[in-house]
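Shared between the two complexes below is chain A, which has chain B as its partner in the first and chain C in the second.
Presenting the complex of A and B:
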């Protein structure tokens, strides 16, 4: 709405807001130009006085500033982007859900961003994730007969009670290994399994592999993995510097538990684990061999949704175990046997000698604990190299 | 012109029917949202504003119709489970999605209107202490705001909404009145479908105000960040005829608007508004808040 300027005598128009109604003064007689201008000028002054009286005194009417107009507006943008985002988030919380009520439904990204925990595993969830779909009956491995519920449309249907029970058992294994500071390796080398496997290892503070397993990484680890960096950490997972020389003489690390999403393509990995007494968990389809793994989970390994559910559940179990371990570490208790044959470096030793008089006992315990933790913790760092091949694809971690 | 050619397409009606047939067993994802004291509203309407039948027409039937139409038009497509606000922002610029925009915008606006009503007969609502200085700075008084808003709504010929919005970037006038005709939306992301004026009464060929130094003042405003919020809706009144026709009659628009003013829930307006105290103190400190929210 265009507001008519009150003074027509060439004065700059008072900047008005459109919502303020102003009345126009109309003259009924024709005057000379000079008297008209004078009258308008008087009216302008009286109105200005009225306006100033009613308007709050501290408010300044903004005027056109050529200097500010020529200044780049982009500077304002960068300063206010964070503020705008915050405002957007607030606005979304207030009015984001208005209009209609959306019934709860499957949202694929939530399986990765917020995976289910072992307590959330229900037969309905497994059915919706197509965990029951087996392969054609002619392709089965008879060793899986105990997990099969029946046949429908020429395919074997896996019993979801068996799936749920085995998944809960596997979750307990992962949780307990994590609680005791073990190294868990999540493996999923098929297309599309990378995100699930990386997310599971992120939750469980473990390691992941989604590209080809290099044969011999365990049996010939000294050759293949020798160049990888290892580190020494204390009970709270903080790195202790100064052990570089001692680390160079130590053997290469191995995982304490391997979780495999596609055992059919990873026979070599599972065989190496078996040769070295490393327990394995695997998703066993109706055509897979359940004896390849220590703890089979009979489920559909061809469905990404099913793999995301299983990896999510095991990741959550590992997260719970890590939480328990770190809570105990806060109180000074360590849940595993620390590494042996590790000597505190000179610097640390001097410190403990200097502080020996007041708290000798305490320091001794500390040094024992540190020394004990090292061997097991070395595995954690060494396993980084296993994911180094995949490090190109995924950055993340910590 | 575009709308006309779409409806005259031979396959237009058929495709709608096909949509409904294509997903006959599809779950109806959109439902009518429930209001505060919804059971009492169904039994007695809004005391002092709507009778039981009028509330049934204006909310239950109309919102149900819009929501069901949303279901039919979106189910089976990739936008089937999007909420109304994101549909508004995404479909605003796309003329092929104009129908979906209209439905989402009407669902949003109607729900916003009914949520802003004070449905408790025992409470008489007044603007809070935080809100009163903003009203006085923008409209000089609450009575002026009332008069302006009601008269603007009465003067609007045809269906629409009148909004009281907060513009936090404008320090001299923090609150503004905004009219949206038919199914226009006040949201920042849908500004090209704001529909603030009746185009039949505007002179679109006029060059008035396009020349001179004053016309270049627009560049003085800081640029809004993409997705930013420069308009925060606080309050609205629904002037569509079906909202007041049954109780007030064809000539009763003004009395409906006067009754509506007494039934505003100012506590809801206070909640909708953005105050300095709510904001994060600085960009650095606010960063952590984003991760938690």
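Presenting the complex of A and C:
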């Protein structure tokens, strides 16, 4: 419940702000929100043009402007409608909430706009997100007995300590895989999970799927995903052109890690991952099978708030991993094994032979490293596949 | 095991086996990651109920989860047993931070940020029993009376608000009296129709029994009706291809 209480320092605060000159007070604000104001200005320019064209120019409707009231009048005579509106919005942001204090409360949009990170995961957060709600006791899968705290009102209650521990473990896996430049696919095909999944993949620089998984996309990938565009990027994620012919012969890409928000509906996807030896993370409810995924997270998959929290946490973990990877890339070190059998196009070869450094440091064990020293030295590539599913919001590339 | 598929759990071992058998050229890049962060134990059944030596317990029951019970449950069932219509009130179960209940001080029955509910009565009762050393029935009565006071005040506020609104020109939807009257009217009309049909059927049956005696009542047509009846042409023609519709049995065509 949202509680508004009268702010004790309300009157004093109002007196303080009004005694200072408005211009100076607002000038500091404009610096910080200038970039966002530019966008609104562009919108208002057309509106302003219409207004100025139709209305008589000298007899503009006088509008109350709190900034103009206390500042010298000569400075504001030539202000346009857009600037007046902008100043009005600024003053509203400053003094609009004076006199009442709104207690901190649950704001649903913040789970998507500013999701929690793995360090913010507490039992209270999971409780408020209804992660502990299981299904009716008769519908349970006994394999989940370890994760269940007890029975209340005919439903199983998932132990939040188990949820928190498994969630942190999965977040660590996502962070490490992202740090090593792996392909992470976030999947959530139920109604309402699309925004959470898309936001998580945006943070982790991964891929998302919120429509039905086409069966065979991994096992029969050569047939289903052959039309998808692939690209070659360097350690800093910049695309390098000139590899089109070589990319045509390469096999279709597969994800390195799959995170599934509703494993009960995506059995085919998880089975394909098992067949192709791809590790998976899944949100396991009391009626789901924990053996379908590599890293189960026992939680309530029917609550959108819970899914948003879990997807947010995993997205933030991926974001941290990507940040580490790109920081290392700035210093010239690549945290992954580059793609093999890729030859630079001739155009770049002369430039890079001259500027070749002895070797980029690799963060791998010696026993695992490929013998492709040429690729290492030239600071090359990784294939990134724009999956068909991820490209739904974007135009198809022919 | 037959029913279980452990391939998702064994991705790391499979990757190693494939690499050792030279099916793959290299280990996958997540190999060390999964080695450092191993998956948790699966299919483990923790012992929930302690086994007793008195008599042989069914082993399957020992691994089932236990019910969660609180001392307030008894108080809740008593309160809602006495006030069943409180269950019909809508409840908001969305929590803000999960720590909402930590900041409640049950020295008053009304808490900022919480609905006045049967739950507040129960918590107030528990507080009184704990901090004022009251007995359970005594604490129940005290909490209940405070609850009634606040509900009564809510009702007064609602009534006054309705009067004020009506005074300044608001109009509301149909009240229970009006809706009840409409339902009654509809039922009444339906009954009238049914009664009319019953009477007609009875008359027709009686007319069949006394077929010789023509009735001298209002069956005679007058004026316009008589002329219209004369003009009326029957649609069915005897001895024609279309035939005649069946209009009854032997009693009508003697």
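Simple rule for what comes next: the second predicted complex is superposed on the first by the 259 of 398 C-alpha atoms of A that agree within 3 Å, B and C clash if a C-alpha of one lies under 4 Å from a C-alpha of the other, contacts with A are read in each partner's own complex, and residues count from 1 in each chain.
Quick note on the criterion: a contact is a pair of C-beta atoms (placed from the backbone, for glycine too) under 8 Å apart; a residue touches a chain by one contact, two chains touch by 3 or more.
Worth saying up front: this structure is predicted, and the values here are computed from it rather than measured.
Looking at the superposed arrangement, the partner reaching more residues of chain A, out of chain B and chain C, is C.
By the touch criterion defined above, A:103 lies against chain B and chain C together after alignment on the C-alpha atoms of chain A. Legend: residue contacts after superposition of the two complexes on their common chain; A:84 is shown touching chain B, with no touch to chain C.
Judged by the touch definition given at the top, the superposed model places A:94 against chain B, while chain C stays out of reach.
Overlap of the chain B and chain C interfaces on chain A: residues 103, 105. Residue ranges on chain B touching chain A, taken from their complex, read 27-34, 67, 70, 81, 83-85, 104, 107-108, 111-112, 115, 136-140, 148, 168, 172-173, 176-177, 208-209, 213-214, 216-217, 219-225, 227-229, 232-233, 271-272, 274, 278-280, 283, 286-287, 289-290, 293. Chain A contributes residues 2, 17, 19-20, 54, 56, 59, 61-62, 64-65, 68-69, 73-74, 76-77, 79-103, 105, 107 to its touches with chain B in the complex. Listed in rising order, the residues of chain A touching chain C in the complex are 1, 3, 103-106, 122-128, 137, 142-143, 145-146, 148-152, 156-157, 165-166, 169, 172-173, 176-177, 180-182, 256-257, 270-271, 273-275, 277-280, 290-296, 336-337, 365, 368, 370. Considering their complex, residues 4-9, 11, 14-15, 18, 25-34, 36-37, 39-46, 48, 63-68, 92, 94-99, 112-115 of chain C touch chain A.
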